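After this come two complexes, each holding chain A, first together with chain B and then together with chain C.
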Partner chain A sequence: MSRLWSRNEAVLRFVLLLAAIVVLPLLVRPVVASEIWIFAIAAMALNLIFGYTGMLSFGQATFFGLAAYTAGLMMIHWQAPLLAVLAAGTLVGALAAAVLGYVCIQRVGTYFIMLTFGFNQMFFFIAYKWTSVTGGDDGLPGIPRPPLALGPASIRLDSSLRYYVFVAAVFLLAFYAMKRIVDSPLGVIFQSIRENPGRAAAVGYDVKRYKWIAFTIAGGFTGSAGVLYSMMFGIVPLESMSWIISGDIVFMVLIGGIGNLYGPLLGAAAFKWLSEAISVVWERWPLILGVALVLVVLFLRGGLVEAFTRLRDAVGGPRARREPGERVAVGVTAERETGW
Partner chain B sequence: MNVSLFAGAILNGLVTGMLYALMGVGLSLILGLLNIPNFAHGVLYALGAYVMFSGAKAFGFLGGVLAAVAAIAVVGAAIEYLGVRRLSRVHPDYTLLLTFGLSLILTETIILVWGPVGITFQPPALLAGGVDLGVTVYPKYRLAVMLFTAALVLACYLFVTRTRYGAIIRAGIEDKDTAAALGINIRLVFTLTFAAGAGLAGLGGALMVPVRGLLSTMGLDILPFAFVVVVLGGLGSLPGAILAGLLVGVVQSLMTVIWAPGADASVFALMTLGIIARPQGLLGQR
Partner chain C sequence: MIGEPLLRTEGLTCDFGALRAVNRVTLSVQAGTLHSVIGPNGSGKTTLFNLISGELRPTDGRVYFEGRDITGLPSHRLPHLGLARCFQRTNVFPKLTTYENVWVAAFAGRTPGALGFLRRASEFSAVDTEVRRILGDIGLAHKTAAPAETLSHGQQRALEVGVTLASSPRLVLLDEPTQGLAPEATQQMTQLVQRLVGRYTILLIEHKMRIVMSISDRISVMAVGELIAEGTPDEVRENRDVQRAYLGTRR
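Right after this comes the complex of A and B.
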């Protein structure tokens, strides 16, 4: 009975997600709607390493930006087709994450965070100073948005609504892939590393190797998000590689609730929608962002998902059930003194 | 090879390096004792600079510097007492995010109060002008800052390693629970250490105003370098932070002369090499 219920609930959530994809461009500008799903992919990727595997990366913009620049340069200089660019960007993200991640995962905790952050800064300064290739502070402009070639058919993506449909399709693919990963035995190993790296090692898992795998997979996802971002405004801004974007992605995951599949999506949507809504009214919106972050950290560590769960428990609904590989209200379970 | 140019670059590197050491010492103490990478450390530096700028108008240069140190130390104590302390029982990642949020808030506050446009500031009349050092003529103010911060960093080191209060801090870094069980008010030590670390960052910011001027993003710009210094030196190691601070400052400054586009990136390359060769940092134990 309870299995059936939890299965129904999973289906219901997915239907709600599809409904959100359809309704979103009616509620906000299609450009903002596209941005939401693009950052949802990046947030999902961070969730895999932070929420599921327990490593807080403060440098995801490295892979986002590298893929965005790769995609931009390929399209400007080679007029590369859309899917090739998407594949290349994903690959670049994964490769960069494999190389940098190999160094980062040698250390845990604070060192790990600072290493991811340090690499992020290194690539930021390279992009900033290497103006002949990246355009430096002015960004890399003039990126075309090639049509989607599927066999003989060629679909133009020139309007922002058409592009939204493409972004949403890529997002759904990424979401499906991520769900398969976290539900797989590999996903369970990731979670066992988050819960207790020492014990995971004791039962025979090569902890460093699995951390490396998680980091690399996340880099690939983040890379594909970067490619989608580069085509959206036809420019890769220098900021796409900055640590502010890394922080934004961390914030999205946190505000949504870490360690379950839907939290980062909610977080990305809330973050992008709020920043759009507030930045129109007030230029200093990062101030409000900071206040929100402080309040969430101090009072609502499980994020929006925990808020929903608490609300549902308060009105006497069915108790939140956990799907396999899913933690509801992680903030509560994380309420203990853990090592890094 | 222009000797004067290189001598100037090395001296500039030492000035920046002493500043990095000052930031690194505070960051390292906070990290060692409270186990958090303080993402607000950069913005505390910036806030110190701006408070000094306003304070100097009212009380003169020295008054401005003192006001900055006092104000930033109080802000630091408040951050620890009202925020960090409440998160002592949850995963340290949350504390990091708290300091990141505070960093955003304070950066925006600076823009709201002082505006987004950069400001320049002249050194006090007593230290204006340059000194002929034989190889190069160097600004008096920078030399004074270099010597003062060197003395201060040394004093911090001696305080932590040679005094009773320093022993308490080291005991806290080693084992908080045992230190608390031995009757040390570890909570108070946390608050005071955070305040001291913040005060050092504020002092660094205040002293650099006549050298670097004021810019609303100056805190975000220096933070990564402060992190590099701590990682390279070894978490919780003061001599490591001092050595790494000087190393990073000089390398960055020399690279500016040799190959300017790579100056900033070279610092992070240095950190990466350091981490691979000595994961525990140059002088770190752990």
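Right after this comes the complex of A and C.
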């Protein structure tokens, strides 16, 4: 059932991911490294609804921001513990996605995108105007970073490197959960809906129900990313709810490669890394981002993942060469010509 | 032998604006038979199928399956009741593999409770067995790993039938399975349909007369939205109205 090329390659890729987690804080500032995995979670979530289920949401910042504000308020007013805040933010993201998503999935294509965008603008406006709760334009400041309480042990996360380790651990958990979702029957059902919703209904799936499930799950993941983001700088900026974040997440998924577990991770890393590296030298770095996006859409529809595949095939010779998009499922049988 | 038919339509009617595509069609399909619907282009055969399978809501009339009124049920409910259809234009999941195409249809009939979704898709061995049996039946066992979009036209038509069979239906609606096939592939498809007879009740739309006459138990003939004749192949062949519908009126 798996769309992975082979078991060995799957293991290799996971090992590379672990290596990246270890090496990353040595290459970039730990704060940037944390941001990469935080946005990797959000990009992974969008990939579930966009790459797997075929619904482009341009409003993921709604759930990112709602969870970030929820976490911030819980920590400021109730001194809530870390894991409780993480759980609450995830839940808020999922619940909000369940309610808003129920409305959005009633429409498809452009109308779906506009509904997600519309809700995003609505919640942004609420956060902007409701200054007594959210701080409005100034953001919500004074957010502590509570220690991680594991049984009797209490681990302080006060340095940015310590916080990085915590973020990486949450990311790995989220990655494992996402992998299990994609490998579960849901993964195949979501893809069948992306490929052909009418036929998915004709074989017996309530398409709207499964779209709603995908949207809700993604909202939960995006919420957990929002919580991690709220503790990064001790402030929830108004921007965390803005359409710019929604757009960034879409960019990351497109640049990395959609419909593939690792694509969004590469996309998030490339996006955040580039923005950090280039913005230091040249403040007009979004220009480069725009060019990169145009190039990807024109020449590299599979994103960075496809670039890697092509590179490997070029280096690996004919043995590794495959048609683009070709996959090998479990239980492969040798090709043989028959009458069909 | 004539008990409650497996499928029965009563005065089924469908209007598209001022156009009446299907006009008061009353039709019975007996269990275990291969029942064909023929008729010139535009006579309303596919619309009739869409009314039965829930893709369209009838303007008037009812559909009964195993005595149960299924009129207007959403199409995704029907496979769970035992009625599945295949489409005239190949309608599969292009980027999914052949295996995944059949798997997703086979799984639909066996959706577990919420906890079942904690398992991996590859862990449902009953579904796997069923999928491999169907892939063997339709002659695509050697193509499990190929994305559907890379299959030849004939193979895609066979996959279309396989996806339909995967929900273990008691009634299969086949809409022109040989459409656009080369002669050799047409023959293979005909043999495939023949192999299904006895295991499934089949309602078939087909244009190629020779095939229809040789494999059908009963034939219903439609013209301009109406049922104009019904009977065994021999009866239909001799029918004046049918000859007129196909060859035109001599004035």
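Just a few scattered comments:
We take it that the second predicted complex is superposed on the first by the 310 of 340 C-alpha atoms of A that agree within 3 Å, B and C clash if a C-alpha of one lies under 4 Å from a C-alpha of the other, contacts with A are read in each partner's own complex, and residues count from 1 in each chain.
We take it that contacts are C-beta pairs under 8 Å (C-beta built on N, C-alpha and C of every residue); 3 or more make two chains touch, one makes a residue touch a chain.
Computed from a prediction, not measured in an experiment: that's the story for all the values here.
Residue contacts after overlaying the shared chain place A:Ala177 against neither chain B nor chain C. After overlaying the two complexes on the shared chain, residue contacts for A:Ile189 are found with chain C alone; chain B is out of touch.
In the superposition on chain A, A:Tyr111 makes contact with chain B only, while chain C stays out of contact range. In the superposed pair of complexes, A:Ile278 makes contact with neither chain B nor chain C. By the touch criterion stated above, A:Phe125 is placed in contact with chain B alone, chain C being left untouched. In the superposition on chain A, A:Ala201 contacts chain C only, with no contact to chain B. Once the two complexes are overlaid on the shared chain, A:Ala87 sits clear of chain B and of chain C alike. Taken together, the two structures place residues 331, 334-336, 338, 340 of chain A in contact with chain B in one case and with chain C in the other. Note for the complex: chain A touches chain B at residues 50, 56, 103, 106-107, 109-111, 113-115, 117-119, 121-122, 125-126, 128-130, 243-244, 247, 250-251, 254, 284, 286-287, 289-294, 297-298, 301, 331, 334-338, 340. Chain B makes touch with chain A in their complex at residues 31, 35-37, 83, 86-87, 89-94, 96-98, 100-105, 107-109, 111-112, 220, 224, 227-228, 230-231, 235, 260-262, 264-265, 268-269, 271-272, 275-276, 279. By the touch criterion given at the top, residues 1-2, 180, 183-189, 191-192, 195-196, 198-207, 323, 325-336, 338-340 of chain A touch chain C in their complex. Residue ranges of chain C in contact with chain A, taken from their complex: 53, 55, 74-80, 84-85, 87, 91-97, 99-100, 103-105, 107-109, 111, 116-122, 124, 128, 132, 139-147, 149-152, 154-155, 158, 163-164, 166-167, 184-185, 188.
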